[in-house]
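Here is the structure we will look at.
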Amino acid sequence: MAADKLSTARQRAEEALKSIGVSYSVEEGANFVEFIVDVARLKDAALALKNAGFGTVVSVTATDYPKKNTIKVVYHVTSMIDDEVKGAIIGVGVYLPRIDKPSMPSLTGVWLSAEFMEREVFEFFGVEFEGHPDLKPLLLIPPLAEKRPLRKDFVVREENIYEGVPFSNVG
Amino acid sequence: MVLDVVEAILGFPPVWQVLVVGFGFSLLVSVVAVWFERKTAARVQRRLGPYWASPRLGGLLHLVADMLRYAFQQVIIPRGVDMTPFLVAPIVGMVISILPVAVVPFTSNPQYWPLPPGAMEYSLLIALAITTLPPIFIVAAGWASNNKFAVIGGLREAFIITAYELIAILGFLAVAAAVGSFNLAVIAEAQNPVKWFMLLNPLAFLAVIIAVAMSTSAFPFEIPESESEVVAGPFTEYSGLLYALNMGGAYMRRFIYGILIALTFMGGWAPYNPGEGIFAGYIVPSLIVTVKALIIVLAISFLRAVYGRYRLDQALDIAWRLTLPLALLGLALGIIQAFIGLA
Amino acid sequence: MSGDIRFYGAFKDELGLKTIPSRRIAKDTYEIFIGPQHPGSGHMRIIIKVDGDVIVEAEPDIGYVHRTMEKLGEIRGWIKPIPLFERMAIHDACNITLPYVRAVEKLMGVEAPERAKYLRVLLCEINRIAAHLYGFAIFGIFLGHSTMYMWAMGDREVWIELAQELTGARLTHSYPVPGGVRRDIHDEYPDMVRRAIRYMRKRLEDYRKLFLDNPVIKSRLEGVGVISKKQVVELGIVGPNARGSGVAYDVRLADPYEVYDQLDFEIPVFEEGDALARTYVRVEEIKQSMNILEQVVDWLEKHKGEPIIHESVSSKYGPVHKKVLQEQRRAKLLPLHATMKVPAGRAIGRGETARGEVIYYVESDGGLNPYRVRIVTPSARNAIAFKYALPGHKVMDLPAIYGSLDYFPPESDR
Amino acid sequence: MAAEEGKVYVGNVDVAARRARDILLGKLKLEDAVDWATSFSLWPVHLTTSCCSTEFAATFGPRFDGEQFGSLPWVSPRQTNLIVIEGTVTRKMACAVRITWEQMPSPKFAIAMGACALDGGLFYNSYNVVRPWEVIPIDIYIPGCPPRPESVARAIVELQRKIRRKHLAGEWVRTGWRPDREPVKPKEDVCSWWRG
């Protein structure tokens, strides 16, 4: 049942993106699907998806890939009222260069629910959202937010708290 | 010589009454009332309440401990407060809140009245006039604290004053009208033995009870000190002894109102007839009045366990749209009673 | 850039979100910081600007309990994040960790056996009831109703005792693990659940008398903090708060997990969208959860002795642990769990906690640790409601709205 | 679910109470009276730092009823004398903890609740967590994650004993100083981020 909804949602989203002529690539997860678009067309793609019924952002997920030298920002969206696609999650996202302050357009104007989540991505990854009404750290204190804690080069160590006992030192 | 002066001062009935009945009793009553409030709430809420300081007294000593602790705790005077009103307001407010006792007769025997019989003719008016003063000092305390929550609490207190004052006075006047006298002793005596005005004029009684609950910020009108928005209201910045004065002040005012209600609505010392001598003529009737006042205080305190608190505008709405007509009806009823000579 | 902001403003107006002209905000407003040390705030701060007694602007300042769950989740292997994540919503522990476990299971390609699924639902619903009662308690104290606090706290103990009987811990159960659950119920357990349900049904009547039908409480809640259906969808508000506004969105229905599609229950929906409707939704949910519990314990009684953990896990057990599993019905966690590797891939786990939908985005690169765990908790999504639901109300409505939203800061801050 | 009368699970409070009462009524030494009063009037301030607050709330619920020890959670720090650190203290919260502590009038006491308040607990290597004992001086630690309500009640009783045995409150009244420790100053300015 959930798989049906996901395929319906995927179909609908692809139609919406094709109708405005946005080129995209698809990345599939276990139970969701992501459309990666160009940064310049992100806002158009988002508007098209919203008009296709995906009205609510459930997560603005950013992931840091130091090996590929990119940061991926995905807006996972769903519909809360449309019974045909309710419960299916699709994503629309971009790859940003992994520099100190990468920038991308804010989608707060399209999805109001993304407002706080974009602030989170800003403080944890340093991604600047152009056009965000109030871009400042949400959870962290400012000096800590400067360090971009969720980037992979911010290392938190599993410390050797018991002397003599080797502890897995990962990260 | 000195002893004579001291005796003359203490023997002066208003001073004696303020010190012993006013201060002593009201302190005792506020301790018992707070204990009762916490204990009944605990009983309704299926738990013990304060207990382990004195299991046999049911934890009454916890309240003594609270008082002692406040008495010896550091008194913090924050930077930025207006020092004089900050220190003076709670003290003066508490003193004034027990002053109405100075004019209250506890017996029908004129020998033990605090004022000469001529002045007693206006005792109800004087007492009511003094009861309207303490809220001003609460507002002053809030303003002097230089704290946003205290200021908001003080403003709320000011709003509430305007709402309850008129109602309380109209309610008491209903009785005065029915009896045809402002003399509390005459009013109390007129109800002897069972012609109590809480039965004859329940409208005015209800209006006065609501007004008292409002004036002493009892539930559901605990709005100036409503903790979930304005922390401790006007007393947010007060600590130690100064806060204890403030907190006791509300219960003391409730007790003073209780005495007035006992005299005007519950027959005062009725059904007892005060006799001659200090014991039969003063102590026994004053104890009866105190017990009646205590019942009023405890009844109002019990509401905490049952009700939440109203919003400020709703409380004002209730005061102006519901309780004021009630008080006016009570007044009309009092005047009708005066005409048909019921009292 | 300015065009975007205009667009944003116009968009808000169209939604009917309260915007007050800036001219009035600049003049005679009073800024109040509510929290974090404030009886009406919990562990967050709300910065409100008041004009007279009316809130014109509200901004939640959260993050006071941000304990870096997402970062720690990246360095603690696959099994240790379970006790870590349940600290987010400590009184709703099973609901909040189950989606993570399911996401990991999805990556591993295993699925819990039927009995384990029922046991998970059992604990989830017990937790849901306890969490709603906790919400009631806090709500009661916000409205100055201490008896409500005490009653709800006392009755919550009943459900906590049940959870303790099942898992051994009052709050932090760590009950679901990848592949199944850690313990089975004992023979008297179904009767204990039924007794608790009988007791709770009786108590809900008392609550109605004292709290929900209390004229003071009703007048405080009716028509206060109204969030319209359209605003719910736009702001992404979830859980009982959405269902109080007429949005029938519940993950148990929209994307059924575990055995929710085999159970018979309803999702209560109210149309009004005010604080009272949100409260009623919670009461109705408690009733529905008790219906679910009855069905679950009936099923569990009929299917005794079925496996509670997946074969791929239990087949690696040594003889001692196999014996424990068979005789005591307890699944031990082995060192192999600590060095577990999960195939590369990405999965989203979602579930319905007491406060709404929780989402885990789990990414694995095939190593010992998750590459990225992104958590979106219901409170984190509801936090935005403060910004838009508070303006236009009086200061005294703030605790009523806060309490009705049932916001839990540690969950929101992660 | 009410607490059963006649049963105490948290130590011998009755004896201690009787002894304290004897001191109050018999010798009536003022300092002992203050110790007695303070120990039976420990009002914790409403500062919820983290998720242990659920168990703290349960402590003052009807089943465990912390109020029976004379302890009443109170709203404003100015009128309280006990602070209970309920779990993790983050960097953002540390500032609030310190300010609240400084707003409380002496003699004042602190209980650190939970593993996180001991040494970080599960979050020992988190970048946003500070140790509460670096921020304020702690009198009693409660282990557990989260501690059960019984242990919170137990901690309150232990603190009562400690106050009476070491005359913490009485000494403060006499000398204006806690006899058992220097006042703790945090090593770094915990609120620097707020102004800057």
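Per-chain residue numbering starts at 1, and chain names A, B, C and D are given in the order in which the chains are listed.
Keep in mind that, in the parts below, a residue touches a chain if its C-beta (ideal position, glycine included) is under 8 Å from a C-beta of that chain, and two chains touch if they have at least 3 such contacts.
Fair warning: this is a prediction, and the values are worked out from it, not measured in the lab.
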Comparison of B-C and A-C (more C-beta pairs in contact): A-C
Chain centre separation (subunit A, subunit C; CA means) in Å: 23
Between subunit A and subunit B, centroid-to-centroid distance (C-alpha), Å: 62
Subunit B and subunit C: spacing of chain centres that average the CA atoms, whole Å: 46
Centroid spacing, where centroids are CA-atom means, of subunit B and subunit D in whole angstrom: 35
Residues of subunit D engaged with two or more neighbouring chains: 1-2, 61-63, 75, 92, 125-128
Touching two or more other chains - residues of subunit A: 140-141, 149, 154, 156-158
Subunit B residues counted as touching two or more neighbouring chains: 45-47, 227, 231
Topology of the chain contact graph, where touching chains are joined (line, ring, star, complete, other): other
Residues of subunit B defined as touching subunit C within the complex: 41, 44-47, 148-149, 152, 219-220, 222-223, 226-229, 231, 304-314
Touching residues (chain side subunit D, partner subunit C) in the complex: 1-2, 45-51, 53-55, 57-58, 60-63, 75, 77, 88, 90, 92-93, 96, 99-100, 122-123, 125-129, 145-146, 148
Of all residues in subunit A, those that touch subunit C in their complex: 1-2, 5, 29-32, 55-59, 61-64, 76, 80-81, 86-89, 105-106, 108-109, 111-113, 115-117, 124, 130-131, 133, 137-141, 149-150, 154, 156-158, 168, 170-171
Subunit D contact footprint on subunit B (complex, rising order): 38, 42, 45-55, 59, 61-62, 64-70, 72-76, 227, 231-232, 235-240, 243
Subunit A to subunit D touching residues, read off their complex: 140-144, 149, 154, 156-159, 161
